[in-house]
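The same chain A turns up in both complexes below, where it pairs with chain B and then with chain C.
Here is the complex of A and B:
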């Protein structure tokens, strides 16, 4: 317990100190990471703790964003709602829409629930371009961050601290929520609704409550996003955002409290870091998600936490060497796969197709080397790396698994 | 009158197309309890495979080969992906297919680019079947409708009259019992998954040529197919048929209506008030056509939660 508190305090201190060491671009990326982390945590309250998988959470994020933008324009950062308090509007509208949508959606459970949330989000997405007064059509709605409380909110460092404050506060509230009786009942929704009903709880009302709270925090995240970019467009209601929050949360692990937040922060950081290098980031994200689903069903953070709990980090020599082999094999397989995807991406791109004139087809440049389209090295090298990597992975995982005769 | 006829005919054929995709989805759900998120991706895959092959094999052969390829992909997905995560529960299976649909869409973008490809009806088939109300009615639409109807007939006959059909139905109804009686239920699952994928692929290969073939087609159709399956009742083939036709015809009719709620309120003398309020009240029904299926679905879920023909709650 004490190590946990110390670790958390260190993490918060690092987050507070971060802008001093980061370039403006990285500060912006950190803001995005914080917002993604809050959104994923809000989403996971619903899908991880209550076991209700929503495929339309971008709707509440988007509603929060638009509500905040309109509040920014209406109040000009003064009066009742100075700039730092604007995400409250997003949270409020998120809560209201969450109650309305949740009342419909939680009438059913399981896949039906997922389908209803998806349909509601698509309904809003289909309707939004036609409601120009609210969603601003193609151009969207924009606003200005006004100075308040002695801060100008002109630099993104100030926006960073504002976002950090809101995200930490919301995460704390979400954590405290899990400790309340309602928070415990939320787990009951996931585990056994029949039993809850027999115990005399109103399951539908409870589900609506959880749904609304999740939508409320999603709305706050949307509001922070609107404050950060000073604009909102109906593209934010797109399926893409709902999909990425599902992927990120499960990659982190929805059953550990900080899993989704860490997963989302990591994924949006990688998205920022590699978006200049590759166009296939979404593909890698999808592949990572499927691999996590198949081999680490508790998610990356969840698996890590489980191993620490079970004390499975014994440092025997054999175990260490097997672990090292596993890591090397993983790197080999990843390098092979990335080479393969990037080569394919370049050979099939429209730029390359327009370069083809006559027969010898020109090579493409990748990692500072020229690759010919029909040379065996071009395809043999990545394939070979992948094959060797996967073979070694298989071998190493056998040695690491005590149930299959490996060292423990 | 001609407009109405054309709208209903278009809607019916679009509905039949929806049915071709949703048939596999609803059968797979009824049998394995898995809502296959990647099902509409099979539809898209069918269109792209047929497009890629039509340059080499010609259109007719491509439309025949594409479903076989897509069916094989479906078999691989069931055997090597879904079966692995089966022990983690249904939510995990749904998420896995969700991830796969994501990967398929990204791979399509990688190989074919993030824009519509030039996949079109061959010249030999793009002539008018008949003239009505001054416009030609393309024969290709009728072909799509006929293929869907033929497919429904074949599946229905297979399921109701043959021995294979009986085994499949029993595996859907009581998988444990069918297994205890010595039938290879996992093989049946794999087969139905493959056939379902192949049907979606066939629909894609046919429809991709007529409508547009782009990387978003899976999502656009996929959401509609889920709506169809929920309205019809998960697991019911007849329900899927009725709901597909309903959605197809209703959306097709709605596109042709220029009236708005304000006009409706005008009947009782509130027209000017509604126009002054603006917003949703002055939206034309035609621009709301895309939202009607979702509204219909919410209505069905409120009135009859298990769907029109569903019995599982």
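Here is the complex of A and C:
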């Protein structure tokens, strides 16, 4: 318990100190990470705690974003709604739309619930371009952040602190929620709605409530996004955002409180860092998701928490060396795989096709080296690296698993 | 005989053209342990579903303490004072044993949409959950996940959860199904203990259990109750022997 508190305090301190050490580009990326973290946490209240997988959460994020943008234009960041309080509007509209949509969606459970959320979000997405007054058509709606409370909100460092404040507050509220009676009942909703009903609880009302709270915090996240980029476009309602919040949350682990937030922060940083380097970053994201689901079904944070609980971090030379071998093997396999993908991507690109004039086909450049399309080295080297890496991984994971005769 | 706490009059239930329950008359008086027996397919489970609100009767009245509950939603039936267990264990597998009981107890205090209090600081709830834990003899397993309990422990837990709302009537649907001889003996003892002074309606296949546990027995055959009486009366009833017990004896 005490270690947890110390770790949390350190994390918060690091978040507060971060802008002093980061370039403007990275501060911007951090804002995105914070927003993604809040959105994933809001989503996981519904998905992880209540066991209802929504495929349409972009709708509530988007509604929050548009509500906030319109409020920015209406109030000019003054009067009743100074700039720092604007995400409240996003939260409010998220809540209201969550009650309405949740009332229908939670009439059903399981796949049918997911399909209704998906349909509602797609409905909004299809409708949005036609409602120019509200969603601003192709161009979207933009607004200006106005100074308030002695801050200009002109630099993105100030926006960072505003976002950080909101995200920390919302995460705290979401955490406190889990401790209340209704928070405990939410877990019952995931575990067995049938039993809950026969214990005398109104399951539908409870589901709508959880749905609405999840939508409300999603709306706050959307509002923060609108504040940050000073615009909202109906693209935000797209299925892609709904899908990525699902993936992010599961990569982090939906059953531990901070899992989704950390997963989302990691993945949006991954997107930021890798999307500049390669065109195949969505593929890497997908592969990462599949691997996490196959080998760490509880998610990165979930798995970590589980191992700490089970005390599986015993140190010792044998275990340490096996762990080191595991890490090296992982790097080898990743390098091999990335090489493969990047080479394939280059050879199959339209740019390359236009370079072909007669024979022999020209080489491509990758990692400061020339690679010929038909040379055995070009394909043998990455494949070899991958094979060696995977072999070692298999060996190392056996050594690390006490149940299969490894060291503990 | 005192006024019945649960009574059924002319209750019928059809699924399409097939009538499963064909005019049931049943009175359960306060404080008795009342068993419903009958061959497979007689409609015992359907009867329980009708009483607990999972199904709506096609015709007839179901009265709980004089109040009609036929066709009422399950959670409202529960709030009127009727709790049940299921033939297939029905608990919260991923939560601790204590948490299972706490969720069951909270409803009794009307704590469902409460945001402003910590669940762990609700003294009355914790106290009652601990009490139930002791009653179903699971004190030592309080922090274990319900899914990790043995089968008979899970059944005990579910019985504990049905007690949580302090119901007027408890329905147990085959609580001993799938248990070994020792487990059955243990569970019969448990049920006898915890239903002292309460009203119990039970469906059970094990005839030894039924005859030793119940004060009165009703025999359900093809959707109708053909006899109700004390264990001795039922044993001596010719129609019952022909329809049901006789088959077992031969």
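The definition used in the following text is that the second predicted complex is superposed on the first by the 408 of 408 C-alpha atoms of A that agree within 3 Å, B and C clash if a C-alpha of one lies under 4 Å from a C-alpha of the other, contacts with A are read in each partner's own complex, and residues count from 1 in each chain.
Assume contacts are C-beta pairs under 8 Å (C-beta built on N, C-alpha and C of every residue); 3 or more make two chains touch, one makes a residue touch a chain.
Treat the numbers as computed from the prediction; the structure is a model and nothing was measured.
Contacts of A:130 after superposition on the shared chain: chain B is touched, whereas chain C is not.
Using the contact criterion defined above for the overlaid structures, shared-chain residue A:209 touches chain C, although it does not reach chain B. By the document's definition of touching, of the two partners only chain C reaches A:185; chain B does not.
Once the two complexes are laid over each other on the shared chain, residue contacts for A:398 go to neither chain B nor chain C. When both complexes are overlaid on chain A, the residue A:177 reaches chain C alone and has no touch with chain B. Which of chain B and chain C touches more residues of chain A: that partner is B.
In the superposition on chain A, A:194 makes contact with chain C only, while chain B stays out of contact range.
After overlaying the two complexes on the shared chain, residue contacts for A:307 are found with neither chain B nor chain C. Those residues of chain C lying in contact with chain A across their complex are 52, 74-76, 78-79, 83-84, 86, 90-95, 99, 102-104, 106-107, 111-120, 122, 161, 164-165. Residues of chain A touching chain B in their complex: 51, 53, 55, 104, 107-108, 110-112, 114-116, 118-120, 122-123, 126-127, 130-131, 133-134, 239, 243, 246-247, 250, 280, 282-283, 285-287, 289-290, 293-294, 297, 341, 344-345, 348-350. Those residues of chain B that touch chain A in the complex are listed here as 29, 35, 81, 84-85, 88, 90-92, 94-96, 98-100, 102-103, 106-107, 110-113, 219, 223, 226-227, 230, 234, 278-280, 283, 287-288, 290-291, 294-295, 297-298, 301-302, 305. Across the complex, chain A meets chain C through its residues 177, 179-185, 187-188, 190-192, 194-203, 205-206, 209.
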